[in-house]
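Encoded as structure tokens, here's the structure I'll be asking about.
As written, the chains take the letters A, B, C and D, and residue 1 is the first residue of each chain.
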């Protein structure tokens, strides 16, 4: 294991210390660094909370800020935060307008967010859940409820965050988040493993010339492991999966997120986007908003994912709205 | 020597045994969960029981059995909020309620304990029997204990039978396909492998059977 | 070699195609994709151009945009662009107020930028040069002119870019760029090699438990290769080098850039920043502006660098000014 | 058979030889530059000469020697703008000026050619003799050619002597410490290694000596 760290046991907490030192726009509550909240709660606004395991920066906490989220409960590497931590975040960000939980479809997170919602309910805080399940590789059509949540949650944050910033009520913010969820599809490909600091060796092994299409961001298995192909062929195979899921018509617009899993250089991400853009153009679909970079990683894993959000005019407006968080800035438009 | 009923001191000692057990089994559980999951199980279980055991020692026997179990559950929920961590925590919280007011746990109480534990996990995790989870071990354990109680067995005898039931049930999980947690992604590949959470269930019971047999 | 690419020969051009498709805010001139310029030249403003080899994204082209640069000539991987390309960029961005070249201290780049300046001079375009040489590991004190330019060039871009955006004339923009240069120090550490696509294998080899302090962003040798130490010890050793170079007094302010070289997860960068912050606090120095992420990479190289800009009130104001480029957004303040 | 003077056709053929040479030596130069540099030299030189040779073939002998050399330099500057690429380009541009108006290059003209080439590199790169660069090979080459001309040698004889001078000079670079380019970072480690750019210089001359000897 070759990592910049001190005692692996302190990996998450020292990372959080670094984040609080670097970004005064976020702070924590209940004396617990893992209960991260915005430093300036907006009175009257619907609160949006997220949470999940560490090791995925900018996920999850990186999107707490103007125009996106209000709080995030931070777990150990690839582990859920506790119900108590989620509850503390919820209590702090609730401004009487209720709180929306947006998180990924993983049993640890679900169990804990449901426990947290029960606790919040006893305090009279209204809580709604939207559970990201964008990974098309993780279950077949018709079994979407079994799919994992991956990088596409970014679009849910962006749309819901902008809706909340516009002052919409909880039901509306939830409706929009759910619409963004239903219209988002992601597929990933991994080239190498990551190393969980407390484990100290690679989570899985993969041949020097192999790739795995559909692999999850904790190393969960994908659809096919095979010899590394050219960038264009890899994207063709990945996009095929996405195109069979939703009907994109000529003239439709989408938002595209090309996400590096951590170890893949940006140069390569743009080579991937080039092909995605060609395929969309072939279908007469416009990539109206494009982000290329690291949005949901698996530490040093090499690989990438493509997320497509099928826009309508409402989502178009919300996705384009300005945002300013420690890990994501967007000058509106 | 053997134990006919747990008092608060015994319970604290039992948690020490579990702590040692999961510290020994840490790497084994990492490897097991790594086959069709994310390798975290060894870490969360060793953390969960280390923290719970230390919390119980700190709290002391004076708190009484129910309170100690509640502390164990609450501590685990805080320190190891993974799927298994939270489910195990829920199990102890429900067991705490089930034995409220008692200062000794005999065979009958231990049957109530594991039934509440198992049902708590079922309710929180929404898994069905046959879904290849810890439930597929703990539900047969609770049934075996209830049967032993009806047959008038002593605690050591009941736990011995429960361990055998746990082991048999764990073997059964090999023929199931995972429906929950990170293993669910592996589908058919989980066939032939024993469930990682079920293994934790079996280890818990085996340790308790050993404990009552040799105390 | 495990990379997302098609024919390695097309690596740079396909990357550029992806960039133009993703970011309409930049375009190119002279029919040459490697002559990248902003899509909206600002009349009357001093132009700022940069350039250098590919493989360092966001360097160099990523900082072309509002509040920073106006153009960038793009070379092959780790190779200088041509004088002709630099000249074409220069001609396009010159608005009569002259052009400042900001680039790194590498012989290929120097030779070509000097040739470009001669060509521009023949057209009556006034050109100034500021050559980044922030890497303290690459030569001793007193021989600063031999030092390589690395991630610290970001601060020169930021300060000079803001100055030009304020409407300052070429001499002033050059003075500010040069001041930022003189007050910036960087030191890096590498944990693994990168792979140049056309070469196809690692540039250098390094043991599974080794690190090299001071290594350059093309794999040039550093000061010491040794067993990987804890994150805190690595930073202590690196910062020691920086602290002996400039006198930072109690009450001084600095800007800090923690830069990932490409393969290192963000989590680890924050663990590094945590220690940098502690060391600055120990000396009574305030980290007034902090950026943590990838700013100057060496493709998939694992490693990081720390750059410190010693602020004065002028640089403080300019560094904080807003910027909006394809790879870097900063909401002012 | 041997060549007493280059005409435009010969020059185009010489560039074909250089193109082949650097395509053969590509991996060797990558490895050499990789020892104390960034491994790009083999790539840039093979690209530079491939592009230049093709440009000359496209332009054709009718353009004349000076124009062809100018095209070679301009093409290289465009296709391989690394340190060595640009310096080599500068060399050919200066050589083009030095032989302007000539339609044959005899020993005397070839001496002017390499003197201009060498001085152009010195001016553009600002390296001094002894700095461990291509200059440490090309300056002795130019001197050797000038001496041969004074001694009345034929072109093949002069190039033979120049090749020997280049080889000796290249060996000399082993005792120098690099002051320029990426190799400069390696300082003392460059001792004992022959300079990569100097190697390119020697290869250029050796190829030309072979060419005139066998044409």
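Everything that follows uses one rule, which is that contacts are C-beta pairs under 8 Å (C-beta built on N, C-alpha and C of every residue); 3 or more make two chains touch, one makes a residue touch a chain.
The structure presented is a predicted model; accordingly, all values stated were derived computationally and were not measured.
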Exercise. Any chains in contact with both chain B and chain C?
Worked result: A
For this session: Could you put a whole-Å number on the gap between the CA centroids of chain A and chain C?
Result: 29
For this session: Averaging only over C-alpha atoms, locate the centres of chain C and chain D and give their separation in whole Å.
Result: 33
Exercise. Counting in whole Å, what is the centre-to-centre distance of chain A and chain D, each centre being its mean C-alpha position?
Worked result: 55
For this session: Can you tell me which residues of chain C touch two or more of the remaining chains?
Result: none
For this session: List, in ascending order, every residue of chain B touching at least 2 other chains.
Result: none
Exercise. So that we know how the chains sit together, what is the shape of their touch graph: line, ring, star, complete or other?
Worked result: line
Problem set entry | Touching pairs - complete list by chain label | A-B, A-C, C-D
Problem set entry | Partner chain C, residues of chain A touching it in the complex | 2-6, 11, 14-19, 21-23, 54-55, 57-58, 191-192, 208-209, 211, 228, 230-232, 234, 262-274, 277, 287, 290, 292-294, 297, 299-300, 302, 304, 324, 327, 329-331
Exercise. Once bound in the complex, which stretches of chain C touch chain D?
Worked result: 75-76, 78-85, 106-108, 111-112, 114-115, 138, 146, 148, 196, 198-199, 203-204, 216, 218-221
Exercise. What residues on chain B touch chain A, complex-wise?
Worked result: 30, 34, 38-40, 43-44, 77-78, 80-83, 85-87, 124-125, 180-182, 184-186, 189
